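Following are the structures in question.
The same chain A turns up in both complexes below, where it pairs with chain B and then with chain C.
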Partner chain A sequence: MRLDRKDLLTIKDLSLDEIGLILDTAASFKEVSEKDIKKVPTLRGRTIINLFYEPSTRTRTSFEIAAKRMSSDAINISLAASSVKKGETLSDTARNLEAMRPDCIVVRHGSAGTPQMLARHLSCSVVNAGDGAHEHPTQALLDLFTVKEHKKHIKDLKIAIIGDITHSRVARSNIYAFTKLGARVTAAGPRTMLPPGLSSLGCEVTTDPREAIKNADVVMMLRIQSERQNNSAIPSAREYARVYGLDKEKLSLAAKDAIVMHPGPINRGVEITPEVADGTKSLILEQVTNGVAVRMAVFYLLLGPVREED
Partner chain B sequence: MKKRLLIRGGRLIDPASGMDGIYNVYVREGRLEAIIETASDETDITSTAADLEIIEAAGLLVLPGLVDVHTHLREPGFEYKETVATGALAAAAGGFTTILTMANTLPVNDNQSVTRYIIRKAAEAGLVKILPIGAVSIGLSGQVLTEMVELKEAGCVAFSDDGISVANPAFMRQALEYAAPLGLPVITHAEDPELSCGGTMNEGTVSTVLGLKGIPVAAEDVVVARDIELAKLTGGRVHVAHVSTAGTVELIRNAKQEGVNITAEVTPHHLVFTDEALRSYDTNFKMSPPLRTADDVRAVREGLKNGTIDCVATDHAPHSTIEKDIEWSAAANGVVGLETAFSALYGLVSEGVLTLNEIVAFFTINPARAMSLAAGVLKVGSAADITLIDLDKNWTVEAETLRSRSKNSPFIGQTMKARVLKTIVDGVVIYNG
Partner chain C sequence: MSTATVMDAQQMERALSRLAHEIVEKNNNINDLVLLGIPTRGAFLALRLRDKIKEIKGHTVAVGAVDATMYRDDIGIKKEAPTLKEMDIPVSIDGKVVVLVDDVLFTGRTIRAAMNALMDFGRPLCIRLAVLVDRGHRELPIKADYVGKNIPTSMTEGVKVLIGETDGINEVYVKAEQD
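What follows is the complex of A and B.
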């Protein structure tokens, strides 16, 4: 079985069937990581390039481990400079990579749309590992997978996504992902962190975190990126923590069996208190584990063998 | 070359004189000698036949040479994007006979030697009439006024720091006061740099979907509001470049009703595209000001039709692939427009938004009046700058066939109506389509 597409660039453009196929496939690959010999030969001889224009530890490592557990050859390229600083166009970059005959290029870039632009020039598969504040599709897929493991279904769940929605690709991909599967998503944050027209993505929008958390089945907290705070979107981390940070008191408003998620890395004491991050409701580390399985599934479904119809 | 020219039997439209009909146009020594209704023309041309070149224009549109008050020709300094000569050829191919070129070259056109250099390059190219716009401030720094008197003497016809906004209101006031007695307008690129900081497209639903930092309409509106007040204060002439928002249209309409000395232009791309065009992250839709929403497009169209906005100007902004074929956030702002401008506006005629006579005015007498230029009219005795257009001829915009050195057109791949067939400057055919 394969996805009938060359690239995985956004959740927005994925169909329900495609999402279902990726999640089902990930479930079968999750076992691989639990065995002593954590490797299947499925993608032997395939070459996967991780092209990261932004610093990243966990996402890059997750893609690399996923590629290696599928027996493909994974190469990491970390580039600090943008193509423009090298005097190279994106077409040049694409042609040079293509000349090495990779089967898949995993791209992370600080500028939204770059994976799309590269994919237009490349005949190999492109997987978006996060582009600016646009999308981070594999993060949303692993979040869906994690919630589904715990809740068995997504439909009719109430999901709260809280934090800096404006700068969050994770928020956008998750709003699309969860609403597509029938969940009700409420995005919350200070007005300065809620972009215009956000509800057009399919979610409710509020500046009151309590309203979002009330009866929520899933509370998803976003990282407050201190390097972005020079535009004074919030007066202080202190006030943010008090008003929007997830603590035991706010979490008590959620459904009894609510789960807490965070795409990481967490700012302890800012968007989430240590006791909640480390508490029994927190699935933050499970998300990381599931990330490998979901990325294995994505590689398999883009690059793997096409199953013969019987 | 023959000394006389007869353009016979075309449909002449000259909004300045209100003429619209089938005329024979006689040109002698670079000037319009006579304009006579074809049906009643009894001129005996046999006696001068050896000296007379005849252009059969039946079925064609005969217009005053088009005028573009806003182009970037990139020379000196960025000749790999465009030179005065390649820009002049692109202008000729678009039917333009007079174009104004902005000051943001390298070095900046902030002193008379650069002005004279551009004028010399234009003379060497020998195609269309190129009139330089001098900078408002030395180095576009917004801090020290240019020597405007000398720039005017050297040939500058307006002042602008276009490309960036004059940020300091007190400096803008001085620029308007100093320029006022010279009778030349100050062209304002209205964009509050703090409000637009880091933004790469219109702020709204589409920027939220695309994850790009937006530029709010207020970034333009607050500067237009400021410059209207400064025009009142100083009596200076303000011309608003590339109007993109509904708010700016309303501000200018009110200002004109109050009698403020203000004119304005809109680009073809702000008349036909919205920010929806950015969904594919094609950097040929990245420009400053950014493409706005359908409501803004409706407002600028209405503003143009009702006279709030005086004219159409291309903001022809050539960039090479190294500025455009890169990630969105780093890509340069701007699109080429000289060769597609008339066809783009004629598309709006086909849609019933504007009339043919209106768009001819937006490209001829209206920009000429806004900048006090002796151009954009077909009057006996005036320079024979004439453009012939075949409205029914379709053409497809292709990077390979654009005359401009740069290919960053948002119309690439589109099939358009109305093809420029001949561009005539001072009685000489400088372009054959």
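What follows is the complex of A and C.
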């Protein structure tokens, strides 16, 4: 079994077998981070470039650590310190980076479709680390991995995804991921944060968070992304916290052994109370740990085999 | 394709018993012994050796598995990234006598990779190698300390070890062509 593709761009394009392969491979790589010597020589001599056009701590660090623990050389380029500031276009930047012969470019960009565009133009592998409000495939893979670790299976689980669905690439990738594996996903948020046609992705849609949380096995909260909206979608953060924020009382509606997830960074007291975020049901930090293992698996499966020249 | 059986179940059993006796003879302090099999079949053979050592000495030695895949030298050369297998180092290997266990010793490259993997887990007193079959054709300066059976082969032949745990049958055969 192999991942027969040059790039990882979306969850939508992945088959069930491919998702299974990535998750199984990630389980092996998780052990690497638990040793004293957190490094294997698997991808020595490879070069991986993190090209981030949007701020990120967790995801960029996670990709960088994943690359380094496999002995590849990781280079980080962030918007603030790049030639973008001098007016260079994205495709020129990408072509110049490719001229230095990297094996993989990890890209995050505010515009949906950017990784696809790069993947078409570049012969190296491209990994989508989040494109606009489109997809964030490695986040969904690490969420699947984390849920599977705790629940052993995904099929027939009830998953609640709550928050600003319209602007959330995490929500989109996770709806694709969990419905593909047979879970029942309910997306909830204020009407202003639910995109039209959402149910066509195969999930239930509601404006009532309690309906989504009721008997849920997994409650996934999304960040209220103040940088992506003019704040006209909700009256106030306080109002949002009261109606949609996950507190102990709302969480009590979920299944007894429910788990709480959040892609981070969290706004304490807005979409989730500190009590729940730091509570025993919360897997927020485990998600971060698992992110490294999943990204190692993605690098391994994309860069491990030799690719025939097109 | 022609195949020839070179060991049947009984011969395998005897070879493993002899390996267990040899390991015990060479290692007086059995408490310092750790058997680490190379998955898939080596890991099961390590378990069998543990059972046989228990019969001989009445003591259960630590047993585990060391997957060398991440340390292989052919990643990025083959069309497929090799499938990762189980890694299970149950005890600290610092100062221990580690006996690597595999079914077939061929080029020695897997053993090299396994030794590198082990070094990242600790600093064993020494590493020994036990194999059920040595078929020759080493590509690295590696030699087994305990050999169940030497089977001279040509480069084009393949040697296959079947064990009950994974294959439902215990047998070693040589076939005219490699996989």
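Everything below uses one rule, namely that the second predicted complex is superposed on the first by the 287 of 310 C-alpha atoms of A that agree within 3 Å, B and C clash if a C-alpha of one lies under 4 Å from a C-alpha of the other, contacts with A are read in each partner's own complex, and residues count from 1 in each chain.
Basically, a residue touches a chain if its C-beta (ideal position, glycine included) is under 8 Å from a C-beta of that chain, and two chains touch if they have at least 3 such contacts.
Being a predicted model, the structure only gives us computed values, none of them experimental.
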item	value
First (chain B), second (chain C), both or neither touched by A:L90	first
Which superposed partner A:P265 touches (first chain B, second chain C, both, neither)	neither
Contacts of A:E135 with chain B and chain C, given as first, second, both or neither	first
Partner chain(s) touched by A:G20 [first = chain B, second = chain C, both, neither]	neither
First, second, both or neither for A:L198, with chain B first and chain C second	first
Where chain A meets both chain C and chain B, residue numbers	none
Complex contacts: residues of chain A adjacent to chain B	12, 82-84, 87-91, 109-114, 116-117, 131-135, 169, 172, 195-198, 200-201
Residues of chain A that touch chain C when the two form their complex	1-3, 24-25, 28-29, 31-32, 35, 37, 39-43, 46, 70, 300-301, 303-306, 308
Chain A-touching residues of chain B, taken from the complex the two chains share	203-214, 280-281, 321-323, 325-330
Residues of chain C touching chain A in the complex	67, 69-71, 75-85, 87, 116-117, 120-121
